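Quick heads-up: structures coming right below.
Each of the next two complexes has chain A plus one other chain: chain B in the first, chain C in the second.
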Partner chain A sequence: MSKRRSHVLTHILLVLICFLIIVPIYWVVKTSLTGENLFNYPPSLIPKDPHLYFFVDVYYWIPFLRFFMNSVIVSAIVVVSNIIFNAMAGFALGYNFPGKKIIILTYLSCMMVPFQTTIIPAFLLTKYFGLLNTHLGLALPLVSTIINIFVFKMNFDAVPHSLHDAARIDGMADWRMLFRIYLPLARPAIATNIILTFVWSWNNFIWPLIITQDTIMRTLPLGLARFLSYFEDTSGQLYAFVIMVIAPIVVVFLMNQKSFISGMMSGAVKG
Partner chain B sequence: MRQVIGQKRGRILLMIYLFLFPSLAIFILYRITPIIWNLVLSFQEWQFIGPNTWIGLQNYAEMIRDPVFWQSFKNTLFYFFGGTPIAIALAVLVAVLVNNPIRGRNAYRVMIFLPYPITPVAVAIIWQWLYNEKVGLINYVLRSLRLVSDPVPFLQSFKLALPSVIVTTVWQVLGYFVIIVLTGLQTIPDDLYESAELDGASRLTQFFRITLPLIRSTIFLCFIVGIINSFTVFDIIYVMTDGGPGHATEILVTNIYKNAFTFNRMGYAAAMTMFMFLFLMLVTWYSNRVSGGEAGGVSYYE
Partner chain C sequence: MSLGRRLSDFGRENLGRIVFIVAVVLALAIWIVHVRLNDDGIVSGVVLNEEGEPVAGATVQIREQTLNLLKEPRTEQTDEQGRFVFKDIEMIEFVISAKLEGVGASARPRYHLYFMRQNFELPEPLVLKASS
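This part shows the complex of A and B:
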């Protein structure tokens, strides 16, 4: 009896906390569909006469499709190159070879350098390469991430040695084994890589802010921040834009909650 | 550990170094070079045309005398000390609740985690509007409950702007801390609680005598994540207040950004970056020493 009562109390507390967490998101969804509570006081709880005009407005008022494609292209470069480069590095670190200690030390010390402390030289470097205002320049600092290298390494280490030995006896070259044997067995590591790097590159703001000068090269978060300063009062549209920016992340999250949460956990310290 | 043996020894070694090359190149270019470059820049005066001039320690001397720099450093610390303990306390509470064998615990977890992956720029816009003086939800609720008579200009007030921004961050990061604490809770063996129950310990006693001491290292990890977050947060402040009003919400990163890319004072900004970098190194070094290498991802090594 007392256990059941304490469960009721637990539910009440949790519902309250979840309510506080969800309300801001619900309010944005509602306003993007009605725009009403900005002009109606007091605000209503349930959307009245929802419509999608604000989304259409956003699509036509700004080069939304272009911003969206910029975000997609940069994220695609980041995600694909992360899988390839990190798997390669993680595989190589599974061997004993001269210089291994120094290389691991380099990785670990790089991990402690937050990106925000590198913005000035990173900008100058990218400018020197002539990559300002390009998709490649936007993606470059993120194309490999240390935490994900170690995620791959841990997954590869769990693969039984007998597989490696058998393949070697069959005469398979080691580099081939990565793609034929190890990668197919490292699905969880690949999932973690995709999720982490997709979220990081999709949400990235400070880097695009620094290196994009043309409107046409903006990614979605940058477009959103600039939209705010140009159209302060067009609120229904602003919140429709917010929804359009966060929708991909939220959809990916809701579709793979388990691997998403565990994936984000392994990135406790950004690499 | 795979060994490099056999006749193909040279080929395998070549493969190893080739495989390591792309990621190493990126980290050397975008992590290690910048630190050295920052150091060099911090001794220079940035020129629009022609080579930069060496000015020795002048940037650092200016930094020490600059009230805006100290304000931004203080704000950064306040950001950490104001936000992280609250977030951790809340996270422990929520994690203990969710850890009960109740129905729908997964749904609760998903809802609590949901804000964390959302684009920070979007979070900033959502909260800017919640805080709005005229149409904001928070002011509406406060006035409906008759807690205030006049609308509160949260983000325009010198006193309230920084705490308001901190609340926003806590909202976003809470779910993340909850999951970290949950992983800590799951390492505690059940029989500890069972024997405590036999001894007649109340749940509150159990919490303070068993749970808290056993998740100490987890809480420590949350603090490290919190301090790194507070030193690297940018998007939310840039969009919500841009450091204003005055410099009430100016933190180190916004200050560095403005000096480097708005006022074109790269040398001075580099000096501030060096300060921030060394401070963070000190924190990481200290926390690694205290925790025996648990923080900062060092535990991933082998």
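This part shows the complex of A and C:
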């Protein structure tokens, strides 16, 4: 009986937590459809006369499609390069070689350095390569991310070493071994890479702000900042814009969530 | 494993994703076709007097709702049936009104469109009232 009661209490608590998480999201969606001021009193829970005109305004008030395509191109470069480079790095870290510990320690210590402190050298390097104001330049700081290297390493460590040995006896080269054997077995790691790097790239604000000079090269978060110069921050257009910016992230996550969760868990119980 | 088998396995594993992507692409295609079929920029409607009769020769003014205050409004005259037609209208949100000396002026309703150059028939006639 007491076990049942504790189950009921747990579920009530979970429902309350779900409610607390869902309410702000619901409010954003509601405001984007009605334009009702956030500070209206008394607040109405049910949307009155919902319409999609605020989404239309977003589309026409800023070059939304251009910003959206910039974000898509930059995110695609980031996601593909992360999968390739991080897999290669994770695979290499599976071997024992002199200096491996130093490299891992360097990686770990680099993770503790905030990006803001490296902005000036990153900018100078990008300028040196002639990549200012380009999609590749926008993607450059995120083409490989350390945490995802470790996600791949953990996944590759879980692959039986006998597979590696069998491939080596058959004379398979390292790069073929990586792309034909290890990567197909590391789907959760790939999904984790896709989601994390996509979200980071999609939400990136400070780097695109620094290296883009032309309006047409800007990404969606910069569009949001520009949008705020037209509309006050409680307007329906702003909330519609927020929905349009986060929708692709939600879709990418929902399409990969199973693999993402197993990717994050892989290596957790490795003994 | 044969290519056919691989494709069928891929299809089975990713059915939900494939359905979602196809649905999104299909919805976009339908929307694009709809826009292309209705993007002549024609805004039309009828002007009536208080008795509900069509008013000929009334001046109808359409003004874009924009931050650009220098944009001039456009005007048209109604025909014998009280109808007016604006062509090549490139506005998303506008205010429209009508007036005729000696008869009166209409209210100034605001309309919002779903895309630029959308063909739009005013859902209600503009009614000229002496008091307005």
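Things to note:
Heads up, the rule we're going with is that the second predicted complex is superposed on the first by the 216 of 271 C-alpha atoms of A that agree within 3 Å, B and C clash if a C-alpha of one lies under 4 Å from a C-alpha of the other, contacts with A are read in each partner's own complex, and residues count from 1 in each chain.
Everything below uses one rule, namely that contacts are C-beta pairs under 8 Å (C-beta built on N, C-alpha and C of every residue); 3 or more make two chains touch, one makes a residue touch a chain.
Here the structure is a predicted model, which is why all the values come from computation and not from measurement.
In the superposition on chain A, A:Phe260 makes contact with chain B only, while chain C stays out of contact range. Put chain B and chain C next to each other and count what each touches on chain A; the higher total goes to B. On the side of chain A, the complex with chain C involves touching residues 51-53, 56-57, 60, 230, 251, 255. By the touch rule above, chain A contacts chain B in their complex via residues 6-7, 10-11, 13-14, 17-18, 21-25, 27-28, 37-38, 41-43, 81, 84-86, 88-89, 91-97, 103-104, 106-108, 110-125, 140-141, 143-144, 146-147, 149-150, 154, 161, 164, 168, 173-175, 178, 199, 202-203, 205-206, 209-210, 220-222, 224-225, 228, 235, 238-239, 242, 245-246, 249-250, 253-254, 257, 260-261, 264-265, 268-271. If you check the complex, the residues on chain C that touch chain A are 17, 20, 67, 92-93, 112-116.
The residues of chain B lying in touch with chain A in their complex are 1-4, 6, 8, 11-13, 15-17, 19-20, 22-24, 26-35, 37-38, 41, 94, 97-98, 100, 102, 106, 108-122, 125-127, 129-130, 135, 137, 140, 144, 171, 174-176, 179-180, 183, 203, 221, 224-225, 228, 231-232, 234-235, 238-239, 253, 256-257, 260-261, 266, 269-270, 273, 276-277, 280-281, 284, 295-298, 300-301.
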